[in-house]
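Okay, got some structures for you below.
Same chain, two partners: chain A is paired with chain B first, then with chain C.
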Partner chain A sequence: MTANVLILCAAGMLVTAYLMVGQKALFTTIRLFGLQSLLLALVAATIAIAESRHELFITAALTVTLKAILIPWFLMRTVDRIGIHREIEPFLNVPASLLICLGLTVVGYRVSTGFQEGAREVGHHLIGVALSLLLIGLFMMVTRKKAITQILALLTVENAVFLVAVGVTSGMPLIVELGISFDVILAVLLLGVLVQRIVGRFESMDISRLSKLKG
Partner chain B sequence: MSADAMLAIGAALLQAGGMLAAAPLLRTAIKKMKARLQNRQGPPLLQGYYDLAKLLRKETVRSDTSSWVYVAGPRIYFATVVAATTLIPVLVAAAPLEATGGILLLVGTLALGRFALATAALDTGSPFGGMGASRDMTIAALAEPALMLGLFSSALSAGTMNLGVLVRELVLQGPSWHPGDLLAFAGLFIIVIAETGRIPVDNPATHLELTMIHEAMVLEYAGPDLALVEWASAVKELVYLTLLVNLFLPVGIAMSLEPVPLLVALVAWAGKVFLLAVAVTLVESTNAKLRLFRVPELVSVSLGLAFLALAIRFL
Partner chain C sequence: MDLLLWTLTVPLLTAGVGGLGGPRAFKELTMVGGLALTFGLCLAIAGQFLAGSTPASFDDALRVDGLSALVLVLCGFVGLLSGCYGVGYLRRNERRGLVTPRQRREFYGLIPAYVFAMLFVAMSNNLGVMWIAVELTTLASVFLITFHNRDTSLEAAWKFLMLGSLGLAFALLGTVLLFAAGQGSLEEGMSALNWTRLVEVAPRMHPFTLRLGVVFALIGYGTKAGLAPMHTWKPDAYREAPSPAVVLMAVGMLNGAMYCILRIHLVSTAALGPDFSAGLLLTLGLLSVLVAVPFILIQWNLKRLLAYSSIEHVGIMAVGVGLGVEAGVFGALLHMTYHSLAKPVALFSAGTLAQLHRSSDFDEIGGGTLGRAPVSSALLVLSAVIITGSPPFGLFFSEMIILRAGFAGTHVIATSVFLAALVALFCGIAFQIGRVVAGPPPAPGTTAPDPERFDVALATASVAAVLAVVSAFYLPGPLVALIRAATAVVWGRP
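And then the complex of A and B:
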C-alpha cells in the first residue's frame, strides 16, 4: 500500500514537471510547482507513517508551508507586481522541449537501475522520477528566458534532490533539512528582488538581455 | 445464428440505446455545473432532450451547391459513434461486439466519423466550413496518435488489445500501481478535452465564427441534420469519459450478468462519469481558451505524456 502511494505521488510529480515544460502562463506554472511540492510532502508523510519516522512529519509540514504555500504566494505576488504574465518564446519551442524531456526521462530511468536501491520496485521509480526531475529542471533553466521560470526550475531541481533524500535514503538530519529550507526561501526572496531589479532596469524579465550589461 | 451472437447483438443494441439516451443529459449537466460556477441558474437538466426534439421537428434546409457528401456527413458521423458505443465496456467488463476488434477498431471508427464530418464541411464551399475542417484535422493529427499510445500503455499492462478482455484482466489483476497508468490518464484526459471541443481547446458555447473549431464545421447544418451532429458529439463525449473511467478506475464494474452486480455497476459508472464531468467542468471554468496556434502545444504535451506512459513500462 505504501509503495503504491509513493509510486503514484512520484508519477504525479513527473506529470506536473511535464505540464510545466508545456506551459507558458506563469501563474499556471507556479500553481503546478505548488502541486508538485504538495505531492512531495505526501511522499514524506507516507514514509513517516509507514516507517514511523516522526521527524519526517516536520519535513512534510515544512515542505507544505514553504514550498506549496509561501513560495508560490510570494512568486505570484512578484508576477502581479511586475505585470508580466506570460513566458516569451523560449530558446526552444514546446514540442522540441517535450521531446528532449522524454529523452531525459529515459536517461534518468536507465541510470536509476545502476543504483543498488534502484533495483527494487519502489526505489527504481523514485530514483528514476527524481533523476528525470533533476534533468528536466536543469533543462528548463537553460532554455527559458524568464527569470521567474528559472527560479521555478531551480526549485524543481531542489524537489528532485529532496525526493531521493526522503524516499530512498534514511533521510537527512533535521538540522540540515531546516538549513536547506531556509536556504531555499532566502534564495527565492533574493531572486524575487533580483527579478524586480531586472524588470526595473530592462522593463522585461528576459535574462538574455543581461548580456547587454557588458561594456 | 448462434446463441452467443444473438446475446452479443442484443447487448450491443441495449448498450447503444442506453448511451444514446444518457448522452444529452451529460452535456446539459456539464452546462448546468458551469453555469452554477458562474452564479447563473443554468438550463434545466432535460434541456438537451428538448433541444434535440426541437431540431428533429424542424424542416431540413440544405445549400443548393452541396452534394450527397454533405447529406452523408452527419449520418456517417452518427453511425460511427453508435458503433463506437458497442466496442467499449460500460457496465459489464466486456464489450458487446468485442469479437470484432479492439483499440485499433475503436480509434479507426472514431477517425472515420471525423473524416466524414470534415469532408461534409468542405462540400458546401463555405469558408467557415473549410476553416473548421482544417483546424479540426490539425488537432486530430496530434490527438489521434496520443489516444492510441495512451490506450496501448494500458493494453501493455494486461497484454491484450481487446478492450473487453483488457478491462476483465485489469479487474482480475487489481490495480497495477505503475507510474505509466497516471501518465497515460493525464495524457488521455487532455485528449478528451481536445476531442470533445472543451474550453482550453475550443469553446462549445461560442457564437464568434473566427474562434470556432468544431462549431465552424457544422455551421451550415440545420434541423434534423444538426440534431444528428449534436447528438453524436454528445455520445462521443460519453464514450470517451466511459473509456477513461473503465480503463483507469474499473471499480464496481459487473463481472456477470446478474441483476445486483449490474445495478451496482450502473451506480458506480454514473458516479465515476459524473466525477470526471466535474473535473472537465472545473478545467473549463478556470481556464481561458488558448490561441489556436497554442493548441498544438497543449496536445503535444498529451502526446509526450502518452508516449512516456508507454516507454516507462519498458524501463
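And then the complex of A and C:
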C-alpha cells in the first residue's frame, strides 16, 4: 500500500514536470509546480507514517506551506503585477522538448540503478524520478526565455533534490532543513524582486534580451 | 558567549546598524569599527587555535581547525580592507550626488552582512550549515551587484543569481548524496552532517552514491568559486558591482568556496582514495587557467580583466590541490594567502580609475592614465606585476612551489600545459594593463575625468599595496604556522 502511494506520487511529480514543459500559460505552469510540491509533501508524509519518522511531518508541512502555497502565490502575484501571462516561443518547440525529456527520464532511471537503495523497488522509483526531474528542470532552464519559467525550472531542480533527501536518507537534520527552506524562500523573493526590476527596465521578461555582457 | 559566536554577531550587528540609517559619519564609523573588531576577533580565534585548542560551538557545528583559521583570518582581513575602501568609495560618489538614501542603506548593510556570511562559511564544520552559509553569501551579494541600477547590472545580477542558485542546488544534491552514502554508518541528528564525522565513517560509505555526491558538490561549490566552465557569472558581476563588494567576492568568497571544495575533497579522499576528487580538481583547475587566456587577450573592460585573472587564480589553487602531493597543497594554500593580499590592491586601484573615469571600459578610460591619476596607475602596475606571479613577489613563490611539485610528480604533461598558460596570461595581463596605463591618451574634447585626490580609498589601497609588497619578503611566523596547519588538515593529518 505504502509502496503504491509513494510510486503514484513520484510518478505524479514526473507528470507535472512533463506538463510544465508542454505548457505556455504562466499561471498554469505555476499551478503545476504547486501540485508538484504538494505531491512531494505527500511522499514525505507517507514515509513519515509508514516508517514512523515524525520529523518528516515537519518537512511535509514546510513543503506545503512554502512551495505549494506561498511561493506559487508570490509568483502569481508577480505575474499579475507585470501583466505578462504567456510564455513566448521557447528555443525548442514543445514536441521536440517532450521527446528530449523522455530521453532524460531514461537517463535518470539508468543512473538510479547504481544506488544502494536503487535495488529496492520503491527507492528505485523515487531516485529515478528525482534524477529525471533534475534533468528536466535543467533542460527547462536552458530552453525557456521567460524569467518566471526559469525560476520555476530552478524550483523544480530543488524539488528533485528534496525528493532524493526524503527518499534516500532518513531526512536531513531539522535545523539544516529549516535553514535550507529559509534560504530557498529568500532566494525566490530576491528573484521576484529582480524580475520586477527587469520588467520595469526592459518592458519584457524575455531573458534572451539580457545579452549585452559578453567576452 | 564564546569567541566564535562573537565573531559572527559583530558583523551581523554592524550590518543591522548600517542598514537602519543614521548620520553618515556614524555609519562610516560603525562599519569600519565593526569590521576592525571582526578582524581582531578572527585573529583571536587563530591565536586560540595556534595555542593548541580547537574552538568549537553548537555541538561542533561550528569548529575551527587549521584550514578554517587560515580562511577566517584572510576573510576578516579582506572584510576590513573592503570596509575602509568602501567608506572612501561612497564618499566619492556622494560628492558627485550619485547616492540615494536607499543605496546608502544597502551599501552599509550588505557589506558587513556579506562579511558575516563569509566568516560563517569558514567556521562551519557541518555540510548543511556550510551550504546555508554559502547561500547567504549569494543572497547578500545580489543587491550589491545591482547597486548602480544600470541595465547591465540587472543582467549581471540575474545571471549571478540563477547560476549561483543552480550551483547551490547541485551542491545541496551533493550534500544529500554524501549524507545518503553514509546511511547506516551515520547516526541521526545534526552531528551526522559534521564533516569530521563524515571523514570518520567515509571508508564504509557506499561508493557509487558517494562518487555522484562528490561530483555534484564539487560542481556546485566550483560554481561559487568560479571554476571553468561554471565561471560565466564572474566577469559580469565584477564589472557591475561596486569595487568594495568586488573585493569581497574576489577574495573572500573565492577563499570561502575553495574552503568548501577542500572539505568535499577531504571526505572524498578519505573514502575513495586521493585520486578521484584530485583528478576532478586538476581538470577543472587546468580548464579555468586555459579559459582565462583568450578572454584576457581580447578583453575590453578593466574589471572584467581582473575577473578573468581571478578565474586564473582559483584555477591555480585547484591545480595545486589536484596534483595530489603535499607540496602542491602547501603551494595552493600559500597562493590563497598571497592572492588575498595582492588582489585587493589591483581591485582598489582599478576601482579608483573606473570611478574617476565613470566607467571601467577601456574605451572610456582611454590610455595614458599615468598622467591623470599617477598614484592609482602606479598601484595598478604594481599589483599587475604581483598578480601575474613575477619575482620577487609572493605569488611567484607559490606558483613555483606548485610547478615544482607538478614536474616532480606524475602529472608532467598537465603541468607543462599549466606553465604555458601562466606565461600566456602574464603576457596578456601585461599587455592590457600597459595599454591602460601607458598607451596614447584620449583625444582632447572627450569628457575630462575627475582629478585624483588623496582620500580614504586611496590611502586604503596604498596600505594594502605596502602589505602586499612586505609580505613577499616577510610573512609573520603565526601566519606561516596557520598555512602549515591548514596544509596538514587538507593533507589528512589534522
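Convention: the second predicted complex is superposed on the first by the 212 of 215 C-alpha atoms of A that agree within 3 Å, B and C clash if a C-alpha of one lies under 4 Å from a C-alpha of the other, contacts with A are read in each partner's own complex, and residues count from 1 in each chain.
We take it that a contact is a pair of C-beta atoms (placed from the backbone, for glycine too) under 8 Å apart; a residue touches a chain by one contact, two chains touch by 3 or more.
Given the structure is predicted, the values throughout are model-derived calculations rather than measurements.
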Overlay on chain A: chain C relative to chain B, clash or fit: fit
Between chain B and chain C, more extensive residue contact with chain A: C
Partner chain(s) touched by A:P173 [first = chain B, second = chain C, both, neither]: second
Partner chain(s) touched by A:F115 [first = chain B, second = chain C, both, neither]: second
Contacts of A:Q150 with chain B and chain C, given as first, second, both or neither: second
Angle, in degrees and to the nearest 10, that opens at chain A between the C-alpha centres of chain B and chain C: 160
First (chain B), second (chain C), both or neither touched by A:I185: neither
Which of chain B and chain C A:I69 touches, first, second, both or neither: neither
First, second, both or neither for A:V161, with chain B first and chain C second: second
Shortest CA-CA distance in Å separating chain B from chain C in the superposed model: 19
Of chain A, residues touching chain B in the complex: 3-4, 7-8, 10-12, 14-15, 18-19, 21-22, 24, 93-95, 98-99, 101-102, 105-106, 109-110, 125, 128-129
Contact footprint of chain A on chain C as seen in their complex: 126, 128-129, 131-132, 135-136, 138-139, 142-143, 146, 151-152, 154-159, 161-162, 165-166, 169, 172-173, 176-177, 179-180, 183, 188-190, 192-193, 206, 208-209, 212, 235-236, 239, 295, 298-300, 304
Chain A contact footprint on chain B (complex, rising order): 175, 177-183, 186, 294, 296-298, 300-301, 303-305, 307-308, 311-312, 315
Chain A - residues contacting chain C, complex: 111, 114-117, 134, 138, 141, 147, 150, 154, 157-158, 160-161, 164-165, 168-170, 172-176, 179-180, 182-183, 186-187, 190-191, 194, 197-198, 201-202, 207, 210-213, 215
